[in-house]
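In the two assemblies presented below, chain A is common to both, partnered first by chain B and then by chain C.
Take a look at the complex of A and B:
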């Protein structure tokens, strides 16, 4: 969801069209709700060279925002990426990384 | 003076039809009824039993009343197949009710006073999640000072919780309206929780003669609940999600629509019940309102006393009437206006104080509908009977007499008065 869009555009459904009592019929719909813009100050950046693909960050991330992607890189068959649409910038991944491959960098002004 | 006669065809207005058990309808009632003696609590418990409730979750200790005690006896005796959950607080009781209702069960509970106050948070969940829970609220005072006797402070404190709110005059009405409540709440257009209010001690603990309806007639009147959505392994849904500023407002608008759409349902269910039993229900009962100059409108048990005083004054030739409001939320705005618009003075009885407000809660509602329609009806607000203080007929007679004086002279001494207050 782009916060820069006018409110009227973001609010699509009328009250008559909205589901009864706010019931959600699709499971896992919270993925569609992009909460990455709650993040302030800093965000994680993964160094693909240093990363040993231990996936400790993937295990520890409290917001399921570290993704294992099937992108081969040198000897590795997988890579890890950050889902900036949901990452809150807590820094747990950077703290847990055994090879210091994750750096918390300053948030740029243009939020992804 | 020419005065428009109130049309008897106005929806939801029930003309007063007689005293107590002498009610008869053309062709007679079409169901089996048994004369019995119950107090209000027992009557409600019996109604819940006959309504084939699936789950009852309640806190069984003070300020709980005999309702749950009696119901637990039914459970212990194996007279019902209800799952009875004696939980550790009213907050938990209502939470369990919400869960059970979402699971598709027919749910009943009851509370009073501090118990209702403790439930307050979860009341909004029940209405927001559209759970058709029926709760008997035995209206009792709130602390401090500790009191627990009858007044409307508890329900008026939770007035805006989105529940349909019905008030009853006696054990018979408490019984009748409890049965109807399941049908109203579970209607597919309503799907909202509902409270049946009975005055603490005045109704709840006073044994009266009443008529109970045979089980098979209730089964015909009230089929099992068919939930629109429920928690189900085969078709999973998520209930109770978050709606931030972009959506929350729209959901609340839906709720407002739902509670307003309860109006025709309350009327239809009341009519259907009337056809079955001879006791017709609607939004309110009007006693001698066709040519009245002065009328008293009240909630709950006081309505009986008001009516008996009005009857006495009518015999003396005074043009007085009485209105007993059964349905407080949704408020029957248009229907009530149509019957009070030609009065000179309307006295509104409030058994709760809305601290710092211009009037009591009921009077604020009535004043606003009259003011919005440029009505010249003079509204007087009487606060009375807090903490179980009795309201004798002599006081009501005095109110009528003062109001008749106001109607004659047009002079209003006090817009809000605390009846029987030691000054």
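Take a look at the complex of A and C:
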């Protein structure tokens, strides 16, 4: 299998070759499906200085699109980042952030 | 108490699934998996979560996962538990696999209830998780036994004659507790610490356990996706969805509310209740308030709390 090709191409999808009972052998393969292009109008932007690393945005994101990354800042050992390839722009992270460190900004074409 | 920074960053549930932006059930699944203590397998009934996490050829699950039918997730989970046990007895595999059976409110309150009752009565070591978005959402918002009174759905529309769904929400946890199981609880995705703790307890219990979690659906509730978590909290604070545990038949409130938040505050944020804001249905709102208080007091009484 050519790993560079998308899953839909890598797998043989004709009815003869389809896996029995539609069994999927690649756990979490949905990451290859970029739901970030569902976003319309706005996307979250995190202010790393305001952020108190409480991870509330992280626990509430329905799209696993707030990532905890090992980037130290002051006394913190981790930071949070947005995965714009999958974020659907629901705005829950911004609504729930206790210190308003997330702003929903207008979507632009230069960032993924 | 769950401390977020101590929770695993391992994601057993991947992004790229096709649930709507701001989907409450999606949050409920991700949080439930954060309670895992080791290997875990999920049996999923038909519904939004099942359909949208496994659109062929993709899957959002990083754990063994089985799609059952709409009505038999509890039966399939029972079989799976027996199969693991048998493999262990034959020395073919070692170590416990925790099994979670997941169903929506339609698949739980109405269609799957017979198999769930069987699973509870036979005493399988399974956690049954019902994510409740209060209607059959995947097929376009039909009312279920979990739809609250007054909510407009496509099969309980609000018009001149009726103001949305007639009748109440079924007491599913009461039904489960009546089977004499060791653990049953209600939770809200809005209160993540309480919810994840309850999932942990449910997993630890030897034998069947049930968790019923309220998970707002912006599509069916006709609410702003940004407000999914806010609504999940308000459902609890209005008394419409009290959160509590039943440990071996003993009720315990998880949150003591001094005064209930006026339900109008909650209703006005959702399209499914908009008709109730009109003067002609003022009486209906009063009736819903009475029902809500009555149910809330019933739970308080069961939990041995003072009723004010």
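Heads up, the rule we're going with is that the second predicted complex is superposed on the first by the 87 of 112 C-alpha atoms of A that agree within 3 Å, B and C clash if a C-alpha of one lies under 4 Å from a C-alpha of the other, contacts with A are read in each partner's own complex, and residues count from 1 in each chain.
Operating definition for what follows: a residue touches a chain if its C-beta (ideal position, glycine included) is under 8 Å from a C-beta of that chain, and two chains touch if they have at least 3 such contacts.
What you see is a predicted model, and the numbers here were worked out from it, not measured in a lab.
Visitor: Check whether A:32 is in contact with chain B, with chain C, with both or with neither, and answer first, second, both or neither.
Guide: second
Visitor: Give one of first, second, both or neither to describe whether A:108 is in contact with chain B, with chain C, with both, or with none.
Guide: Once the two structures are laid over each other on A, A:108 reaches no partner at all.
Visitor: Please name the chain, chain B or chain C, that touches the greater number of residues in chain A.
Guide: Looking at chain B versus chain C, the one contacting more residues of chain A is C.
Visitor: Pick one for A:22: touches chain B only (first), chain C only (second), both, or neither.
Guide: Touch partners of A:22: chain B and chain C.
Visitor: Touch check for A:100: first (chain B), second (chain C), both, or neither?
Guide: neither
Visitor: Does the superposition put A:59 against chain B (first), chain C (second), both, or neither?
Guide: Touch partner of A:59: chain C, not chain B.
Visitor: So, A:90: does it touch chain B (first), chain C (second), both, or neither?
Guide: second
Visitor: Look at A:14 in the shared chain and tell me whether it touches chain B only, chain C only, both, or neither; answer first, second, both or neither.
Guide: first
Visitor: Share the list of chain A residues that count as touching for chain B in one structure and for chain C in the other.
Guide: 7, 11, 13, 22, 24, 27, 29
Visitor: Can you list the residues on chain A that touch chain C in the complex?
Guide: Contact set of chain A toward chain C: 7-8, 11, 13, 22, 24, 26-35, 38-39, 53-56, 58-65, 68, 78, 83, 85-86, 88-92, 94-96.
Visitor: Using the touch definition up top, name the residues of chain A that touch chain B in the complex.
Guide: Those residues of chain A that touch chain B are 7, 10-11, 13-16, 18, 20-25, 27, 29.
Visitor: Tell me, which parts of chain C touch chain A in their complex?
Guide: Within the complex, chain C touches chain A at residues 4-5, 7, 9, 11, 13-24, 26-27, 30-31, 34, 53-54, 56-63, 189, 192, 225-230.
Visitor: For the complex, which residues does chain B have touching chain A?
Guide: These residues of chain B touch chain A: 128-130, 191, 228-229, 236-241, 243, 246-247, 249-251, 253-254, 257.
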